[in-house]
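These are the structures in question, set out in turn.
Two complexes come next, and they have one chain in common, chain A, joined by chain B in the first and chain C in the second.
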Partner chain A sequence: MARTNFSGFATTWRMPIIVWQVLFFLGPLLFMIAMSFFLVKNYRMVEAFELKNWEKMLTRGYFWDSYILTFWLASLTTAVTSLLAFPASFALAFKVSPSVRRWALFFLIIPFFTSYLVRIFSWYVILAESGVVNALLAHIGLGPYTMLNTKFGTLVGYMTLTLPLVVVLQTFALANIDRNLVQAAHNLGCSPARAIYAVIVPLAKTGLIVAALFCFILSFGDFVSPYYLGGSKPPTLPILIIDTTKSGQQWPRAAVVAVVMMLTLISIAFAALALAYRKRASR
Partner chain B sequence: MNDKKSQLMSPARRKVLKATGAAIISAPYISRSWASVTEINMLAWYGHGEPDVVAEYEAANNVKFKPKYYAGGDNMLALIAQSPPGTYDLILSDAEFVQQLNAAGYIEEMNAADYPFDDMLHEDFTKFPGHWKDDKLFSMMLRGGHLGVSYNTTAVTAEEASSYQCFWKPELKGKVGHFDWHLPNLGMMSLYDGNGASLWDLDDDKWKKLQETTTSLRPQVGGFFDYGGTFNSLKNGEMLAMCGIGDWITGVLEKDGAPVASVIPKEGGIQFTESYSIGKGSEKADEVKKFIQYMMSPEGQVKSAQMAAYPGFCVTKAGRAKLQEVDKQEAMRSHQIEGMANDPIALINEGRIHYRDIPQQQTLEDWNDYWSEYKNA
Partner chain C sequence: MSGQQSTTSTSIGSRLLDWSLRGYVVLVFVFIFAPILFSVVFSFNSARFPTIPLESFTLHWYQTIWNDPDVWTAVRNSLIVSVCTALIATLLGFCTAYTDYRYNFRFKSAYLALVLLPPTIPLIIMALAMLAWFSKIGASGQLWSIIIAHSVLTAPFAMAIIRLRLNQMDRDLESAAWNLGASEWRTMREVIVPFCKPAIVSALFLTAAVSFDEFAISWFVSGLNKTVPVLILEIVQGNIDPQVNAIGTFVFLVSMTLVIVAQIFFTFRAGKSFS
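Then we have the complex of A and B:
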C-alpha cells in the first residue's frame, strides 16, 4: 500500500504561493462577497447583511443587457481569436525551424512590454475615420467606415489583448504533440486536413481549450477596450462596475456585479477544464 | 605599467574620496533643508496640483503639494470619508458638493476677511450657494467654467449650435458624444425641455419628460467618454458634437488649433464652480490659507485661468485685469473681456447661466439609474 510521506521541505516551498493566494485572492474574494451585502450611508460603507443590493441589481434590465452583451462579446472574441491564432500556431509548431519559432514567440511576447492602455490608444490613429485603415481603403474607392466606438472596435481591442497570448499557448500545446502519431496518421492515409481534425486537435485539446479559456476570461473582464474603442456603447459589465461606483459610491452594488462575473468565470472555467480533461469514451 | 595605471587612477580616487567626504559632512544640512519643506496634502481635480499652477508658489514658499486627484464629487466625498481626519489639508471641490462637505464636518470654517470678497466679479460669487452657513464661510470660490454646446466648427454652424436642438441634426447621427457623467448631460436636456432656472428641481412629469427627451437623442449618440476619450474623439473628428462639456475641454483643443468651439445656447448653459476649503483637522491651516490667498490674488487667478489641464475663468476683477494684461490671447479666446459676446459674467447677468446643482426631487441614484438605462438603450 502506498504511503503518503509528509515532506517538510516540499511543504515549505509550497507555502509562499498558498499564503499569497489566501491573502490576495481568497481573502479579497470573501470580502467582496461580504461587501455585496453592505449598505452605503453618507458615502460610507456600513457593515450589514441586507439583500437590497442584490435585489436592486438583479432586477434592473440594464444589468442583464450588459451581462448578455459582455458574455456574447467575450464568446465571439474567443471563437474568432482561437480560429485566427490556430494557423499561425500550427505553422510555428510544425512548419518552421526551432530557431524561427523561438524568435516568433519572442516577438509575440514583446507587445506585453508596453502598456495595454497605450496599445489601445494607438488604435485611435489606425481605426479613426481619418485614420490609416480608411486612408488605405480610400485608395481603392472604399469607405470611410466607422470602426471606433463600435462593437468591432471593442473586438479589435480584445484581440489586441488576447491574440498574442492565445498564439503562444496554442503553439506550446501543438509543439508538444508526439510527431510520430502525426506521421502515423499520414502513413495510414490521412489527408492533411483529416490529420489536423482527427489527430492534432484531439491531442492538443487541453492546451487549445486552456488558451480559449484565457481568452474568454481576459475579454470578459476587460474594461479598457469596450470603453475606449467601443465608446461604452452599450456598456459591458466592467463599465457598469465603474458607473455604479461613480454615483453614490455604491461599492456594494458594484460588488454584486463583480460576484456575478466571478461566478460566471468560475463556471466557465470548470466547464472548460472538464471538457479539456475528459477522456474519450472507448469504443 | 601597473604603477602608471595607479598614478593615473589616484587623482580620480582622491576626488571621489573628497566628494564623498563633503557629501557626508553636508548631509545633515541637506536633510535639515529637506525637512523644512512643508508638505500640503491636496485633494483636487486633476491639474490643480501640477507644476504649471503650483511650482512658482512652492519655490517661493518652501512648500510642496502632494496632490491626490479624484474624478467627480462622489469620488471626492468617498475619499475623505475613508481617510482619517486631517488627511487632506486643502480640498478643491465642485460648489454643489461644498454643502455636503460641510454637513459631514469635513471642512474648517474660514475667515471671510482673509479673502478678496470686495473684488469679486459678480455679486453671486460673494455669497455662493452652499459656501456659507449661518453667515460663516466654509469655502472660497476659485474659478468657474460654462457648459453648453461643444461642436466641430466644420460640421456645425454657430447658428445651429445656438440651440441644443443641433444634437438631433440628422447629419450628426452617430457623431454626438456624451461626457460620461449624468449630471451635466441631464442638466442640459432639462434646459432643452425649457425648465430654465428650475432645471434641477423637477416634479414627476418633468422628470419623465426629461427622460423621454434624452432617450430620443440616443440614436444620434456615437459614444460615452471620459476626459481622455472626449478629448481624443473631438480632436480626431470621430465626434462632431459633444453634450455635457464646455470650454474646459474644447478650450484646450482650440489652443492646439483644433476646429472646435463651445457656446452657450439660447436655452441656457450650466456653470461648474470650483472652490477651495481647508480640511478639518489640518495642522497646516495657516499655510493652506496663505495658498488660497495666493490663488485669489491676480497672479494666482491668472495661473488658474491658464491651467494646462483645463481652463477656467477668473472670478476676481483684479485677476481678470491681470489676465488681460499678461495673456491677452487667452483672455480673448475665453471671452474674458468686458463687452465681448459670451463674456461669462455678461452671460450670468443675462440669466443664461445656471449653477450646477444636484437633483432636488430625485436622488443622484435615480439619475444614475436612468443614465445606465440610457447607455444600454
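Then we have the complex of A and C:
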C-alpha cells in the first residue's frame, strides 16, 4: 500500500516536466534538425532526406561572410564586455559593504528582465547623428560622429544585453573566493596588481569563464543589435535566419543556419567548460 | 588600512584607487540604465526626433497609444500570455524543484539538463524550431502556442527560485510530518507548499516578466495575434516614432514592477524561517 502510494507520488512530481519538455522542447529542436534535410517544392515544404539545403548554404559566400562576422562580433563583445565588467565586479566584490553589494546586484538583475527591444530603440535615438551623445560632444567642440550602422553601435547594443549579466556572474565568482588567500598574498608582499593577476583571477577562473560563455551565447544569437544599431550589412546569422524564414519561405535553409549555430555554440561551450574546470598544473 | 600611518603615500594612492573603482561602478550603472531613463524622458518630450536640449513637455505620445486599438489588443494578448505562462511555468517549476530536492534516480543529470537547457539556446533558434513544430502539429498562429513556448523558456527560472527556497528547509520537517501520521500528499499540502509560498509568488512574477518582454518567439509563432513586444518590433521596423517611447515606458513600468515584487518576495519574505 505504502509502496504503491510512494511511487505514484514521486511520478506525479517527476513526469510533468518530462512530458512538457519532450513535446515542446526536444520535439521542436529535433524536428528543426530533420527539417534542414527537407525540400521546398512550389513554395511548399516536402518531407525528405536530401543534403540540398546544406550544399546550397555551405557553398555560398554570403553564408560564410555572415558566419565570420557573427563569430567575430560575438568574440569581440565577449572580450570587451569581460574586460570592462571586471573592474566593476572587482569593486562590488571587494570594495563595498555586503549591503551595497546586495543592492547593486538587485539593480543589475532588473534590466535583464526588462524590454531589450525598447532599450535598443533608445540607444538608436541616443547614438543618432543629431542624438544626445553627439549633442553633448558638440558642446566641447567634437563630432558629430557616426555611431549608428557601425560595429561600435552593434557593440553598444550587445553590451546592453550582456554587461549586467556578466557583472553579476563575475561579482558572484569574485565574492566567493577565500579572502584569506588574498590577504596572504598581500602579507607576503604581493602588489595589488600582481594579487589580481596571480591569485584572484585564477581562483575565480571558473566563474569568469562561465560569465564570458554566457556573453558569447547571448551576442552570437541576438538579432536586434546588429539589425537596428549595426545596419545589418552583411547580416549576422540570426538576421539570416529571419530573412530566410520570413521573406523567402525557405524554412529548411533557415534550419541549416540554426543547426550550424547550435553546433558552434555547443563546441564553444565544451571548450569553455573544459578550460574552466581544467586542473591547474601543480607548482 | 587606517593603522598604516607610515605609508601615507600608498594609502592615499590606494584610497584614490578605491574611489575611482567606485566611480567606475557608477559609470557602468549609468551605461546600463541610460537607455531606460532616456526612453522615459523622451516619452514626455514633444520632439519628433528627440535629442537634447529637450523640447516642451507633452502627453501627446501617450494619447496616441491610448487611442490606438491595436495597442489595446496587444496589451490584452500580452496579459493573457504572461498570466498563463506564469501559472504553467511555476507549476512545472515546482514539480521539478521538489523532484530534484527529494529524489535521486538514474539519469537525473539528463533530467536536469532537459529542464535547465532552454534558456541557453538562442531565442531565434527556439523561435524557428517552435514555428516549424507548431505548423507541423497544426497549432501555429495561436495565443496558446506562444504560451506553450514561453512556459518551456521560463520553467527553469521558476524551478531555480523554488529549488533555492527548498534548500532553506530543514530536511527533518518533512519526516516529522510523516512520523506524526500525515500522508505524503498531506505533508505536501500543509508543510512543503506553505514553506515555498514566497518562492512560488516570486516565480509567478518573474516568469510573467520574462514572458511579457519576450519578442523573438512571439514574433515567429504569433501569426496575427500580436503581443506588445511584437507590436513594438513592427513599429520600430517602420520609422522613428516616439510613441515607442511611450509604449516602452509602459512596458518598463510593468516588467520592473513584476521583477521588483518577485525580488521582494524572494529576498525579504523568504528570509523568515518556518516556525
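One rule holds in what follows: the second predicted complex is superposed on the first by the 254 of 283 C-alpha atoms of A that agree within 3 Å, B and C clash if a C-alpha of one lies under 4 Å from a C-alpha of the other, contacts with A are read in each partner's own complex, and residues count from 1 in each chain.
Definition applied: contacts are C-beta pairs under 8 Å (C-beta built on N, C-alpha and C of every residue); 3 or more make two chains touch, one makes a residue touch a chain.
Quick caveat: nothing in here was measured; it's all calculated off a predicted structure.
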Quick check for you: in the superposed arrangement, does A:Ile200 touch first (chain B), second (chain C), both or neither?
neither
According to the stated criteria, A:Asp65 is in contact with first (chain B), second (chain C), both, or neither; which is it?
first
Go through the superposed model and pick first if A:Ile17 touches only chain B, second if only chain C, both, or neither.
second
Regarding the shared-chain residue A:Val118, is it in contact with chain B (first), chain C (second), both, or neither?
second
Quick check on the superposed pair: does A:Gly231 touch chain B, chain C, both, or neither? Answer first, second, both or neither.
first
State whether A:Ala128 touches chain B only (first), chain C only (second), both chains, or neither.
both
Figure out whether A:Tyr43 sits in contact with chain B (first) or chain C (second), or with both, or with neither.
first
Which touches a greater number of chain A residues, chain B or chain C?
C
Quick one: is A:Ile209 in contact with chain B, with chain C, with both, or with neither? Answer first, second, both or neither.
neither
Share the list of chain A residues that count as touching for chain B in one structure and for chain C in the other.
121, 124, 128, 130-131, 228
Any idea which chain C residues touch chain A in the complex?
14, 17-18, 21-22, 24-25, 28-29, 31-36, 38-39, 42, 49-53, 91-92, 95-96, 98-99, 102-103, 105, 111, 114-115, 117-118, 120-126, 128-133, 136, 148-149, 151-152, 155, 159, 183-185, 206, 209-210, 213, 215-216, 220, 229, 232-233, 236, 240, 244-245, 247-248, 251-252, 255-256, 258-260, 263, 267
Residue ranges of chain B in contact with chain A within the complex
71-72, 74-75, 77-78, 81-82, 104, 174, 177, 180-182, 221-226, 228-229, 232-233, 236-238, 363-365, 367-369, 371-373, 375-377
In the complex, the residues of chain A that touch chain B are 42-44, 60-62, 65-66, 121, 124, 128-131, 146, 148-149, 227-228, 230-235, 240, 243-244, 246-250
Would you tell me which residues of chain A are touching chain C in their complex?
5-6, 9-10, 12-14, 16-18, 20-22, 24-29, 31-32, 35, 84-85, 87-88, 90-92, 95-96, 102, 104, 106-111, 113-126, 128, 130-132, 135-136, 159-160, 163-164, 167, 192, 214, 217-218, 220-223, 228, 238, 241-242, 245, 251, 254-255, 258, 261-262, 265, 269
